[in-house]
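In what follows, a single structure is set out as structure tokens and then discussed.
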Amino acid sequence: MRKFIVGVMGAGEDAEEGAKEMAFRLGGLIAREGWVVLSGGRQAGVMEEVNRGAKQIAGSLTVGILPTAQAAVSDYVDVVITTDMGNARNNLNVLSSDVVVACGTGGAGTVSEIALAIKAKKPVILLGTDRDSKAFFQRIGKAAVHTADHPEGVIARIKTIKG
Amino acid sequence: MRKFIVGVMGAGEDAEEGAKEMAFRLGGLIAREGWVVLSGGRQAGVMEEVNRGAKQIAGSLTVGILPTAQAAVSDYVDVVITTDMGNARNNLNVLSSDVVVACGTGGAGTVSEIALAIKAKKPVILLGTDRDSKAFFQRIGKAAVHTADHPEGVIARIKTIKG
Amino acid sequence: MRKFIVGVMGAGEDAEEGAKEMAFRLGGLIAREGWVVLSGGRQAGVMEEVNRGAKQIAGSLTVGILPTAQAAVSDYVDVVITTDMGNARNNLNVLSSDVVVACGTGGAGTVSEIALAIKAKKPVILLGTDRDSKAFFQRIGKAAVHTADHPEGVIARIKTIKG
Amino acid sequence: MRKFIVGVMGAGEDAEEGAKEMAFRLGGLIAREGWVVLSGGRQAGVMEEVNRGAKQIAGSLTVGILPTAQAAVSDYVDVVITTDMGNARNNLNVLSSDVVVACGTGGAGTVSEIALAIKAKKPVILLGTDRDSKAFFQRIGKAAVHTADHPEGVIARIKTIKG
């Protein structure tokens, strides 16, 4: 019964417009495949948009792993996991995902999640990340770090990874 | 979109037959209400049975919060959250539940979850717990600690709590 | 070089006078043995008093494992470990202690720590705990749960456990 | 009584010789200032060497925050904090440090700690890090990210930060 989970990481309040648009489209595409969208669950930036995108699709399922009980939760999250462990929850986000997608360049939180995903040997897909960041992460994570230029490319890549 | 979550706690390998039977019935009853079943997710005892019971119902949703990536997961869990934080994950189980049900007398793990639920001011329902344990927890948790003798009583109590 | 660590758990703001007096004496006795005092680190109740007692002794060392970065820290803690993980840190308190002492009857937080200590197979000593609580924990933890009526009895018991 | 804590992060088994030599010298220099050395605590690489260096100095104090109870602990750690939370403990390492030093280029674990330190607004000092990594982290962390070419430079920088 276990569902396939795609973790989507990215900036909250500081997210760029382009990253938010990609997150919205990506959420819908993941949901259309019948996969679960997992995110940090907050009502901001990439987290908000990927869940909003997923919930346009009937039968979609979204899971948010919240840093604190006080955090404002996205209205588009079905299942809220409250950790009350701040950014230590970033490790849970990646461990609970079958594939980790970083959407946009992101800030320090997203960087920590990419690094923790590499450490946990999870496949990582960088979507719309700048050239220097790509080079940095591919040096550390080698073949486990993939890149995509648009949400459709992420889906295609995940299908290859699933085999 | 946020779904109502009932956390069901109880023994794993050491669970008594009576507790397992109640867990199976309780899982089905929770699912019939359209609520999510949340548990420790392992393939043992109360965790296994509450998920198995829920998955007899079409449209049910089960979430398991695993202590480690190595733990054997119940086949009846839809969404697996991997914490890799051992029994510190017990606090996540209770924080993520709208109501916490302890099924059977349970061992030290269940006791820690009841105590953490009281600490987090979550409503707790003791199902089929022995008299001394009931008295102990009601002294600590006062009005937040409820009791029930059978799974139907748990559902009725949750409806009262939800108001 | 590894030092022997005695974890002392107990109530914060709600601690009874008797428990605080015993904690102060116990802190001094642990320090005199050259052992480290480990606690929840907050500036309240048993945590404050056990650290204050220890710091009356030259060469003592006190470690506090804080639930949040915002918690008021006891002035008598030498080494502050900040977890920002709320009561999930209770599991760290017990895992990091060679022996766990519960001082006074304590509330739900202390109960969770005793239960997590039993789960982790750590020796537990109940100091000045009421009769019903003693019976409850000895039923769950069996031979791993010891009792003492005064701080000197705790030290004697630890020496027996250390062998 | 609260002691000033310098967290030193770096690779374990994969640490380069140069990073290990710098870690050994840095440990001694931190201890000479009367500051506490905090690390991941394992018996490998930068963790082992920074603690070994510190313990050459009389009166030094070393704290290790272990990922699991099974991890081999450095013989040069005085106070062992066992988290049993895998790499989620990386966030505790940085939250518990007044300053975070990354020694050598490090792998994914070290990258996650630098990122989490930036997220937690802790001052970070990169010691002997390659040019591309420096540029990457300074872009993310801006003025909070400092660099040093040798252990003496780290101590000087910490004194400036302490003010």
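Annotations
Note that the chains take the letters A, B, C and D in the order they are written out, and that residue 1 is the start of every chain.
By our rule, a residue touches a chain if its C-beta (ideal position, glycine included) is under 8 Å from a C-beta of that chain, and two chains touch if they have at least 3 such contacts.
Note that the coordinates shown come from a computational prediction; the quantities given were computed from them, not determined experimentally.
Per the C-alpha superposition, chain B sits rotated 180 degrees relative to chain C, a value rounded to a multiple of 5. When the contact pairs of A-C are matched by residue number against A-D, B-C or B-D, over half are shared only with B-D. Chain C and chain D have centres, each the mean of its CA atoms, that are 29 Å apart. Note: centroid distance chain B to chain D, computed from Cα atoms, is 40 Å. In chain A, the residues touching two or more other chains are 83-88, 91-92.
Viewed as a contact network, the protein chains are fully connected, with every chain touching every other. Those residues of chain D whose C-beta lies close enough to touch chain C in the complex are 1-3, 5, 36, 55, 61-63, 65, 69, 73, 75-85, 91-92, 95-96.
Contact residues on chain B toward chain D in their complex (touch as defined above): 83-88. For chain C in complex with chain B, the touching residues are 85-92, 107-109, 111-112, 115-116, 118-120, 132-133, 135-136, 139-141.
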